[in-house]
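As written, the chain order gives the labels A, B, C, D and E, with residue 1 at the start of each chain.
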């Protein structure tokens, strides 16, 4: 058995670092963007990062029910879709009433 | 641990694409372009899911995120006026950057510091059927709750965007 | 509360697949809905009314070809009638019958074009327009047989028609009128009239009320679709139309669909007229002797014919010279356009295109 | 009942009906047409439209004729219900022709009056949007006038007077300055 | 071998002569098996064999699709030409077969214009992103019993995801063109996608419920096992999918995104040269890939009763693909276009309820099948009858109760033998003009 030319390996930590980077970018986007839809994009990025992490755990971690991570991921996607729909509806509704979707201009505590 | 060269190379390519596109979401000035990069991020993430042997989740990710959510976002962006389609930052840009960096540092530290219980079970074979089992047997209550949530979200979205007085539309055709 | 949006101005034309020439429609659009329409014409203006003052009466006949180039015979006929009225010229019987035959053939050709183009505006992928062109080609072949030209016929003359029909014309015409065209119209019934998508697209689109139709001087299928049975061939019969039996098809609703069905029915009525005219076609001269440089007595005359587009009127003033002192054309296409805004505001872009197609303008006639 | 064939009303008949409501609106009348006073023409036109016998609800056409000393506006009215046709003329000044617009009465006059304004230079008072329709806005003069100088150098139109060469003129003077913008 | 000798050998043994060798192209797996074997003999590592076989399959599919995109230009123009009572391209080469080549050469020669203010990256990527999903769909489509590039467990979901990606690229094209017509096309596509994704997915659910798998090969095998094409079992799903997918494909009667008579070219108005050529080719490729999906899901794919034992499966499959493609060309050549609100209403008011009713009925049928334990020989004819009746009843009922009320007025005009004008009150033009006579 000769040693192969190329022997790359992928560890759990690698995937988790990628997920963390994605999460950090999402957090930055969500906190810094002026536009409400931009904020929503950041939230979606964070949810994706969480999914990456969940699937990595499901793939690598010792468990009796290893598929639970994937089940969780599907739930996250479902909830994210619902959240996106409602949030975009909110953005449109806010725009209808206030004619802006910039979150730093939406400062009234009533309509 | 995955020791297959092809898969490892694929993972790092996909990870680079995903993170690069995510950075572009933060960086580009046009909101529409940001949405398009976001869609690309979703596709890249789906690729990573496949590498992590979650093909069902990956396909659902493409279908729902890249297909539906990003389309909804473009719709919402195009409904807002052109002047608001700048992807600009608030005054919280620097604090957000610092906070995000801190979170990244903490998570990476914790990740590298923890002693994970790694299994050597290998990749899953086809997951769709077993996922279906899981949804309808142990997780049936969350599944139903999720469907109720979707229903509520749909109704809520309709109520939120409904116009108060419906203008008469002469040319309905129906 | 509806979402406030900035209206967008969209240029439909002058270069656009469905403006039937170089016609420009500036639509102000709120989403898909039109809030305002401006029309810009004049891209094809050739100043024919001025040019005609420099040419003799006979030399002006080719101008009438080039006004409504899809219905050149009708233009020829209207102009010759007005000069004959001014100079008080008798036209032989045979020439009058030939004029009726060619006028009606021209109506079939023009309505074929209008129907096909209208369905194309509704979004069909060229099939109906090709079918209609096939039938128009058959008519144009007859024109070519008679006067050598297909589009700009220059066939009518002051005092008759330019040439008598060749021997092979009548058999070809009978085959066309009794066999080919009726079959084609049956195909239209199935493909176009009974098509539910066309009903959905054209019903209640571009509605004209009868009051508005009269007030805005509409004519032709536009007026008849609004429920007004008015046809110059019946009201003010020229040539030998008072001897022909035919009906005026009249719509109920004034919408685009009515205009389309009226055109198809008019084609059938035209065939009826042609059959009668061919049956009664007398012998004799096809033309009276009229000097080429005719000098009508000083005076004025207004005569009108029912062209496929509507009431085509010619107002000619003579000062006794060889050229008209003033020559004005009442162009039905231009006047039918005056309700474009009324018809389109409040509808979608797609409806506006359908409406414009159903008016059946001809930019050569609009701009002259 | 409508006439079976279009009947041409003589000018006197029309003048009679108009005189009943507006005695001084009619200038003259003959067999073919009636000439209206330009100052009273709008009221007279309203009479033409609303009168029961004239019933001129359908404006068949309107145009203008340059009579060298004056410009005649020529209107043809028809009644579709009674099937008759009659002609009305309104003279106006040659240098500064101004008549009342009948667009408020017949919307079909809208485009035709713009055409007359464009080609003959008659100004219609009360027209909602009196702009050029066929020619561009900077076009000099009104081409249907008999004294329209179609050529540089003050040459009158006509084949016989067509100049061979005009020194100093390139023929480009009357082109639009910015083609495409209508300026 | 002389002709006489050929007559003596029975057909079956003649087939046996070639069975199992790599040149037996009735089954592609013979060829690929040989390639694997040689690669293994030469000592390639496992993963490289994986990559190489994937590359070979991909190249094969791309070659097929490239050929199809070229041939379909000719097919579509000839077929539509026949429908329009004209000849179609017939000058270049025999029967005009070289016309697509001339088209391609012309398009390549043309200058590629790009609007100065267009975001270049998106503008350039859009035609590519529009083409890729149509090709990628073929990865999971089975070509024969052993010939499928990626036997994906979730093949159907993969197809749906891919087809939704294509629409996003249309939006990219329309948005980046910086043209109002293009933007209209793009927004229409987005609105249409949001509406039509639901009937597409809900319509295909019935098929998945019957087959019990989302693998396309599994669906074909289900049809073979039960001796019935899915279109017999699921006529309603077939109709729903056909109409909905023709909307997503932007083909007449639902080509509102590029509606030539309204918004000139829609999203590809500003494209020229080979970028436009890519859109043009992608339109044909997408049509073919959708035809392949329909042929696989509803018409048995490579299986056709006993025919697939004699004829190679991939030939049957291509024949079926072109059969479905002819349907698309036919509808395109015949029907006018819907308006956008009518199209959306059609999705929400007709297709979606029908699809949901269909899913409920199919679920009940599958449950009855499984719980009763009776054989497929009993149930399949029953299902064919029940679903056929359901389709008829639903379509009849919807037409009866929800049809547009455009029948208020007769379709024929009235006829008057003489002029007849009612005495109408004079409306004043002032009111008309008050809304603004315009310049």
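Going forward, a contact is a pair of C-beta atoms (placed from the backbone, for glycine too) under 8 Å apart; a residue touches a chain by one contact, two chains touch by 3 or more.
These figures come from a predicted structure and were not determined experimentally.
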Considering only C-beta pairs in contact, identify the chain pair with the most of them.
A-B
With centres defined from CA atoms, tell me which chain sits nearest the overall protein centre.
E
Longest centre-to-centre distance from chain B, chain (CA-based)
D
What is the chain whose Cα centroid lies farthest from the Cα centroid of chain C?
A
I'd like the Å distance between the centres of chain A and chain D, where a centre is the mean of that chain's Cα atoms.
72
Chain A-chain C separation of Cα centroids, rounded to whole Å
64
Rounded Å distance between chain D and chain E, as computed from the means of their C-alpha atoms
60
Can you compute the centre-to-centre distance for chain C and chain D, using the mean CA position of each chain? Integer Å is fine.
24
Give the residues of chain C touching no fewer than two other chains, as numbers and ranges.
1-3, 200, 203-204, 212, 214-216, 228, 230, 235, 348, 351
Please output the residue numbers of chain E that touch at least 2 other chains, ranges allowed.
339, 341-342, 404, 406, 418-419, 421-422, 424, 426, 428-429, 432, 436, 438-439
Which chain A residues reach two or more other chains?
4, 92, 95, 99
For the complex, which residues does chain E have touching chain C?
80, 83-86, 180-181, 184, 252-253, 255-256, 259-264, 332-342, 404, 406-407, 409-422, 424-429, 432, 435-436, 438-439
Could you pull out which chain D residues touch chain C in their complex?
2, 5-6, 32, 57-61, 63, 65-66, 74, 76, 80, 83, 85, 87, 106-112, 115, 119, 132-136, 143-144, 148, 157-159
So, in the complex, the side of chain E touching chain D is made of residues 418-419, 421-424, 426, 428-430, 432-433, 436-439
Parts of chain B lying in touch with chain E, wherever the complex brings them together
4-7, 30, 32-33, 36, 39, 43, 55-56, 59-60, 62-63, 66-68, 70-72, 74-75, 78, 126-129, 171-174
Complex interface listing, chain A residues touching chain B:
4, 6-18, 20-29, 31-35, 37-38, 40-41, 44-45, 48, 51-52, 55-56, 58-63, 65-68, 70-71, 73-75, 77-86, 88-93, 95, 99-104
